[in-house]
Amino acid sequence: MSKHKVTKIGVLTSGGDSPGMNAAIRAVVRTGIYHGLEVFGIRRGYSGMIDNDIFLMDSKSVANIIQRGGTILKTARSDEFRTPEGRAIAYKNLKRLGIDGLVIIGGDGSFKGAQTFSNEYDIPCIGLPGTIDKDIAGSDVTIGFDTAVNTAVEAIDKIRDTMDAHDRLFIVEVMGRDAGYIALHSGIATGAENIIIPETKTDIEELIANLTEKEKRKKLVNLIVVAEGGQFGDANELAKIVKGRLPNADVRVCILGHIQRGGSPTCEDRLIASHMGYYAVESLLIGRHNVMVGVINNKIHYTPLNHAVKQKQTIGQEWMKIVKILAS
Amino acid sequence: MSKHKVTKIGVLTSGGDSPGMNAAIRAVVRTGIYHGLEVFGIRRGYSGMIDNDIFLMDSKSVANIIQRGGTILKTARSDEFRTPEGRAIAYKNLKRLGIDGLVIIGGDGSFKGAQTFSNEYDIPCIGLPGTIDKDIAGSDVTIGFDTAVNTAVEAIDKIRDTMDAHDRLFIVEVMGRDAGYIALHSGIATGAENIIIPETKTDIEELIANLTEKEKRKKLVNLIVVAEGGQFGDANELAKIVKGRLPNADVRVCILGHIQRGGSPTCEDRLIASHMGYYAVESLLIGRHNVMVGVINNKIHYTPLNHAVKQKQTIGQEWMKIVKILAS
Amino acid sequence: MSKHKVTKIGVLTSGGDSPGMNAAIRAVVRTGIYHGLEVFGIRRGYSGMIDNDIFLMDSKSVANIIQRGGTILKTARSDEFRTPEGRAIAYKNLKRLGIDGLVIIGGDGSFKGAQTFSNEYDIPCIGLPGTIDKDIAGSDVTIGFDTAVNTAVEAIDKIRDTMDAHDRLFIVEVMGRDAGYIALHSGIATGAENIIIPETKTDIEELIANLTEKEKRKKLVNLIVVAEGGQFGDANELAKIVKGRLPNADVRVCILGHIQRGGSPTCEDRLIASHMGYYAVESLLIGRHNVMVGVINNKIHYTPLNHAVKQKQTIGQEWMKIVKILAS
Amino acid sequence: MSKHKVTKIGVLTSGGDSPGMNAAIRAVVRTGIYHGLEVFGIRRGYSGMIDNDIFLMDSKSVANIIQRGGTILKTARSDEFRTPEGRAIAYKNLKRLGIDGLVIIGGDGSFKGAQTFSNEYDIPCIGLPGTIDKDIAGSDVTIGFDTAVNTAVEAIDKIRDTMDAHDRLFIVEVMGRDAGYIALHSGIATGAENIIIPETKTDIEELIANLTEKEKRKKLVNLIVVAEGGQFGDANELAKIVKGRLPNADVRVCILGHIQRGGSPTCEDRLIASHMGYYAVESLLIGRHNVMVGVINNKIHYTPLNHAVKQKQTIGQEWMKIVKILAS
């Protein structure tokens, strides 16, 4: 624990946006003000630190935002912050305003930047896991995942209406370049017959045999949910493979894309964002520095920022077995 | 008016599915039963007539479906029904069951089939405009359009969250191969800066100039909504053109796709479907045959089936002017 | 047509709020700016005119609000504006800022105020029908109705899940003190067995007989949708009557209440609000003064403000007959 | 562990319905069939066991229901099953069909019945916690809570639009006769200024003082979320108290009511229901009898049925402190 005493803090969102970031910003601002801190908003992530796009916030700045998607602070990826020169400018800007603590809402890339910055300059940083991918070590949950997965489920429910009306094979691609959680959860929740995720090897011959048999027995109605980072490339690539092997199949592709990032956050995402935002400020105040605030087994849990890396979780074979049993 | 007296009728959905078809089926079944008719469901459009996939329905067959997307009767496009041989088999199947009237819920292609069939055989047909594209002559509204356009609006609202968070240029493709209504309405409703539809020529140089000027003034935040049948090809093609001219722009593409066909129908779609279904049966009963039941200026309107063709509406230049003024 | 030339206009929302008011404000502001006018926002309806709570708006003031429920200008009912003294103060405040035209988004009460004000002082007023009740003479549609009725439909769909699971009788009260449109449309769209509205007399004995017969035949599953201004008082009163006559019935009451006023507006409400807002400013510019901008048969229609009164529409007996046939 | 070997099982839903029950039924049926069991559906809870309303299910019986609210098996509370005579009839009906295992989806009352039944007769029972109240010992989660709380959040978001437009005080009552979870979570997620729950004593004088001070400073905009089982009675009672003390306040009451029980389940509720349903059958197969399948710290957890009672959780004072800080 450091003896650094914070009085002015900055808050920023960085990397891809995720629903619930606004709820986290609100919690940081209001908890900070409650404890007598000055809280500054920094726009467009680390870019705003370098461009000095920083402004004092008050309680009203965050009124009526808990239910909004996106981030009122905007977000960006900053190449300049990856250079020592960039970070030097950023530090100078913070110093001039007297900012002596930072809360960074983002993913593992953003935390790496924070750790480097904090190593070089005496500004403690607290990270909050803001990503729809749920793939950060040190937390069972991430801000935005629950909303993203429910958006995917609602979209796939709609697609199923058409699928059933037409007896078609649909391949639906959801987000998740390195992590299959959105695919796994949304696939189970929509009764997908097959789910293809980066964490598990899919036997293409078994898949094709399965589809072929279905085609023989009856019309081929089948839903495949695939994470964008799947082993066969994107959904269009997979469709090509399937069509190559089942020339008569009526195969359709849907790529859900960016709708999964937006929208009003679910109750869960607003709650964890509020909770994490509160404990981020508490951590700065008591000197628990350079940690990510996460949740493990429903309890707040702190992980050193340099351990809060992207983590490919083990998705049990049991889950994949359940998928097959329930969709049959 | 024919003196043909109907006693047993068939109902089917044909072509692409659209939300509200179930509400129309329910209205046909219950109005038929109320008038003492026997009502048969025919599965998978004209295919079911040929395959004899026909079953007697009762009031309970359509319980609790008014709120469901898709169609409980399933739908398909039938090549065989385009041949005299196919239609002969279909007729034989209807005749055997004593079916002497048909209600067809579908688009202009389905109506053409019905007209041909009715010319050849003495079975009166009533058409209901079931398509998300709102492009059928003889009706201001079609079953499914209102739901589809609201689905598009909700999706684009989500995308705007991310667009604003990142200051990006988004090109969103909505359905509408020949008709720009979904694009026009959803574009206005989401404050799109540009809307590209088949009915109106878009000046690409003006568009590029407009984007270039925006890029100079500030970050390029811009939403382009494009109908799939637009003059530049699909959204990916348009994105290529834009990136070719604005190499530094952060351009993202979203193709909303099949989510626009499904989902629980809106109040409006349930109402017009119920209304049209009721008048379809009334029409069969009083001998107003081979018409499509539509709505013009909020009143039920009948159009001979052979006039109920796909119609490219004139979308006034005034609307496109309003788009520009309101998005500025 | 007046020769009054407007240069500065004010816009306000008055009476009960309705979804789409923000879209109308946005259209007024941007169309005004496009035509070189200065546009002032007036907060809390006529109260803000008296309290001088008036501020200059620019294009950004209305960015990203088209999808928001409520009204950024807030709304209120003002007793003071009903007095000559109140209106005198209001006029002085407008005059000092040079405001020479007003756009009022609200209901018939708000239009009455506008008409009186305009009679006394030389400030032309344009009204836009902003009410969820759809009961204003001079327009087939009002801003907010479509959203409210869809909110009611979604809520009743949820209630039906429980109703069917438990075989219960539900009485659901929707808004509409003087007008039964929300009840009629949402009732038909959710397959309600009975709909009770102010426009039509309901025979309570027939209703009770109908329920009694159902109770005998099987479990009493029945949905009654009632407008708040129904002939038997509110839903709780009706429930008492029903329980008095069917002591064994499992009757539940739901009053949907204020959720019907809020929420993100539907595509339709955003479109008509945008359209009407545009034509409000056009009207001020060409001297078409003291009218309400409405829509009749899908075309913009102007009605003198003093004719734009609350109007009990005739709801045809045919509709009530269709309700019975379809719900059977 | 018993050596009882199950071959035919029954599944039923009992007590209040909750979203996700259908997903649980589907998982039980398909997992049972996968393991070669015959699975019978029992309608209307224990009533169906007594009335012999029992039918064989197959894989198709549960197709396309994972996304539906309510329960396809219907539910009820049975007084007769509380008597030895009732249970004797129920047993005879099960025996005749050869049913030798039961899965009961419901709340603590339903589990008590199952335990009694299983003590008297040699039929093992497995319970799944299906209730929106999240108040069952032995599980962190219950099927339906996540959906109910999100429905409440969406409704309160809409109410907030109106609240802000009018500067009003709203008292919103959510479900939870004995448990304040829905109120606590939905209140935090909507930024409620006050949350009143059974688990915590609310100081009415502090509440009134707080509102009075707000009224002095500015217009009284305030959201109070109250659980139906709160210490002051229902929302209308609380409104009376508030109006008695603040006669000038514009106080509105909304009772969300039964909409919280219905609707398409969230991803989370579908997942836990699927998971629990799968393990219910596995438990019957390996002889882990008379337990409730729950989830503790994200892992499946088994609790003897007679310990799976209603449990008033301790809601930490820390949460109530966070509520105040974040809403200020």
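The letters A, B, C and D name the chains in turn, as written, and every chain counts its residues from 1.
By our rule, a residue touches a chain if its C-beta (ideal position, glycine included) is under 8 Å from a C-beta of that chain, and two chains touch if they have at least 3 such contacts.
These numbers were taken from a predicted model, which means no experiment stands behind them.
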item: If a chain touches chain B and chain C alike, it appears here; value: none
item: Reference chain C; chain at largest CA-centroid distance; value: A
item: Centre-to-centre distance between chain C and chain A (centres being mean Cα positions), rounded to whole Å; value: 39
item: Where chain A and chain B are represented by their mean Cα positions, the distance between them in whole Å; value: 35
item: Centre-of-Cα separation between chain D and chain A, whole angstrom; value: 29
item: Touching two or more other chains - residue numbers and ranges from chain C; value: 157, 160, 164
item: Contacting residues of chain D [partner chain A, same complex]; value: 23, 26-27, 30-31, 33-34, 59, 64, 66-67, 140, 146, 149-150, 152-154, 157, 160, 164, 185-186, 188-191, 264, 266-268, 270-271, 274-275, 278, 297-298, 322, 325-326, 328
item: Sites on chain C touched by chain D in the complex; value: 13, 17, 19, 44, 68-71, 74-76, 151, 155, 157-162, 164-167, 170, 252-259, 261-263
